[in-house]
Amino acid sequence: MLTIENLHKTYHTHTVLHQVTLELPLGQVLAVLGRSGCGKTTLLKTVAGLLVPDAGSINWAGASMEAAPPRNREMVYLSQEPLLFPHLSVFENIAYGLRVRKEAEVQAKVERMLQELELQEHAQKKPAQLSGGQRQRVAFGRAIIFLPRVLLLDEPFASLDAQTRASMQQLFLRLARKYSITALFVTHDVKEALLIGDRFAYMAAGKLRIYTSGEAFMEDPTTGVRDELAFWNSINHKITNLP
Amino acid sequence: MGRKILTAILATAILLPFLFFGMLSVGQAWFYPSVLPQRFTLANWQELLAGQSELQVSLLLSVILGLGVAILSTVAGFVISREIARAKYKNRWLLLAYWPFVLSPVVLAILVQRFFLLTGMSGEVIGVLLGQLILAFPFAVIFFQSFWSHEVLQLEQQSQTLGATAVYTLQKVLLPLARPLLLICFFQTFLISWFEYGLTQFIGVGKVKTLPILVFKYVNEANSSHAALASLLIMLPPALLLWTNKKFIFRGI
Amino acid sequence: MTISELRLLSKRKLYLRSVFLLLAVLPVVGGLLYGLAYSLGLAGALSSGFTLQHWQDVLASGAFLHALAYSVYIALSAILVATSAALFLTLYFKKSLRQGAMSYLLYLPLTIPALVMGFLVFQLLTKSGLASRVVFGLGWIADLQDFPSLVHDSWGFGIILAHVLMAVPFLTLLFHAIYREQNLDQLQQVSENLGAGQSHFVRRIAIPTILTTAAPNLLLYFIFVLGSYEVPLLIGSQQHQMVSVLAVQKFHRFNLLDIPQGYAISVAFTLFVLLLLSISLKKLQRHG
């Protein structure tokens, strides 16, 4: 279980993380809804160990992560850009985490992952030869292949077109179940949050609010779920009332 | 038509130095007013092959100095430019790096000569190496600034969160990505050393005889055929490098 | 991150930054301070306490100011001529610079260092040089004394020519790179689409774009010519010296009293260059 308590971070006088506290049990996905600038990237990077918090604690299975450098945390940060290593092939990009750990059966594991991602025929291509969606899939496979403790996803599908985005969401759900992934999934898209999350949170101005249930998340007017529903209802109303 | 004539004139003008120096280096008895020398001989060039001749020693010395300056300034420049690129007051640091770069090398040599005299490095190869490093190293630091982009920083972080150590990241990500730039920087800093005259003369006090020093010496002795030969020895290696990659000589912007 | 790791990190930071300061900053700053001390009588073999005498000598004799003015004249002329020629070549040979023999040939002159260029211009233009022989062969002159003095002349024709010959290929390649980087071909289509003719595009769009983008490089090149040493050493005139040559000469005269003056000239010139650099970079940044 990932436990975060009273995480605090300021830049100059600007507070980016304000006493952020959360608990995330194994195998669950916490969907965090938030607009850009709400502090979500700082939160994820701090959990990954790429930023140092001013105060607060991050624990994994009861052990403090404070002393662990990013490479030992096994909490992989995934951003909107796939950030593939441009000089390595698709195969080598996916194999990276395994090679770093000197794991056995790299070939077999990567081939299985390529199949999972439907990227078999692109194995030897360079990232520049792939489409945006394919690149994001490689980044995703690269992150989960060594079964990290937590995935930290920072609007991973935001730059994809609607169709690719939908298929990526399905892929994520399938793999999340199969590998029982524990993840913090940040998005500004209400529908994506509802689709992907097991639990829900809303983040604004550095403050994180956790909801006890999906219903509570949908009820809260600040999340904008109700506006979204109202919009579709009004469209529906319009269509059904057409002469 | 006009364009073709102009192209021909330009091409001739560009090739003229090579042909002219080639002719001078093999010519003997070039008396006024004849355009061509009266006799041709390969004697000067053969001197190059003869062991311990002045030209051979000087060529070797220039190569060693150039390699030393290139390796040291490229490696140090790469590592330290990363630190500067990530520094809080990056532009102030960079402005400092421009100083030795814009100063006339010989004026810089005047200002630092006392240090070399005191440490006994004046007139020594090591002194000239260090002096040329003062020119080449800031160049390398400025040169590598373009490499340490936000994207490279993110790739570095990505490698870290995937579990790689700093050394592994350097070996598998940073160095392969920087390879083309490392090569260009290597050759350009080599050329800084290879072409340098004023500072070499002042710190080497005429004892460290690199090829440019030799050219000047021959010119002073009115030995134009040797001066032309030494000039060609300076010009030909970078000209050959051009075949491999134009960017080794000029990178654009 | 643990405290010990933080400490390790800042230690490495400190270490790397000191190498930078030691290699890049200390030589200039330390050299400047030493040169200043020497020229003020505070250091060196002849030091006899603080005095402004050496600075007064340097400024009163007019040698330094004269050399500085002459250097500015040479650098300005060379840059003006070279920039015009390079602009012409870039725009006239737009296509052949991109591919073909010319795209390779233009790099060749970059393999000629200043010293060799000085020697080349000397061999070409001195009274018994190649040009004189060709002109003699054509019957245009009857004696080598009829050939005009083009090197060691007081107008600095030889020096300017040598610098122009070095600068034109460099600037042409630079301008050509800018032309491509700034997508001027596309801008030309836009300009034509809006009804502008070729010459209007060249005058109003192409040349201003190239010059403003290249301004920092032109400034650096100007400073480079300003401090040039090898070329004026080989083919400069006796009466007019450029600053670098004057400064070095003070050290080679074996008159110990000249050395503080040599330092004063070097310090003054360094300060002049640094001032010029910081003022113009600020201006360029504001406009760029």
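Order as written gives the chain letters A, B and C; numbering starts at 1 within each chain.
The definition used in the following text is that a residue touches a chain if its C-beta (ideal position, glycine included) is under 8 Å from a C-beta of that chain, and two chains touch if they have at least 3 such contacts.
What you see is a predicted model, and the numbers here were worked out from it, not measured in a lab.
Of all chains shown, B has the CA centroid lying nearest to the centroid of every protein CA atom. Taking A-B and B-C together, the chain pair joined by more C-beta contacts is B-C.
Ranking every chain by how far its Cα centroid lies from the centroid of subunit C, the top place goes to A.
Averaged Cα coordinates give subunit A a centre that lies 54 Å from the centre of subunit C.
As a whole-number value, the distance joining the C-alpha centres of subunit A and subunit B reads 50 Å. Per-chain Cα centroids separate subunit B from subunit C by 17 Å.
Looking at subunit C, one finds that none of its residues touch two or more other chains. Contacts with at least two other chains are made by residues 49, 69 of subunit A. Among the residues of subunit B, none is in touch with two or more other chains. Across the interface of their complex, subunit A is touched by residues 151, 154-155, 157-165, 168, 172-173, 176-177 of subunit B.
If you check the complex, the residues on subunit B that touch subunit C are 3, 6-7, 10-11, 14-15, 17-18, 20-21, 24, 32-35, 76, 79-80, 83-84, 87, 93, 95-100, 102-108, 110-112, 114-115, 133-134, 137-138, 141, 194-195, 197-198, 202, 212, 215-216, 219, 224, 227-228, 231, 234-236, 238-239, 242, 246, 249-250, 252-253. Across the interface of their complex, subunit B is touched by residues 48-50, 69-77, 79, 81, 83, 85-87, 96-97, 100-101, 142-143, 146 of subunit A.
Residues 13, 16-17, 19-20, 23-25, 27-28, 30-32, 34-35, 38, 89, 92-93, 96, 101-102, 104-116, 119-120, 122-124, 128, 130, 132-134, 136-137, 144, 169-170, 173-174, 177-178, 181, 213, 217, 220, 223-224, 226-230, 234, 243-244, 247-248, 251, 262-263, 266-267, 269-270, 273-274, 277-278, 281 of subunit C are the ones touching subunit B in the complex.
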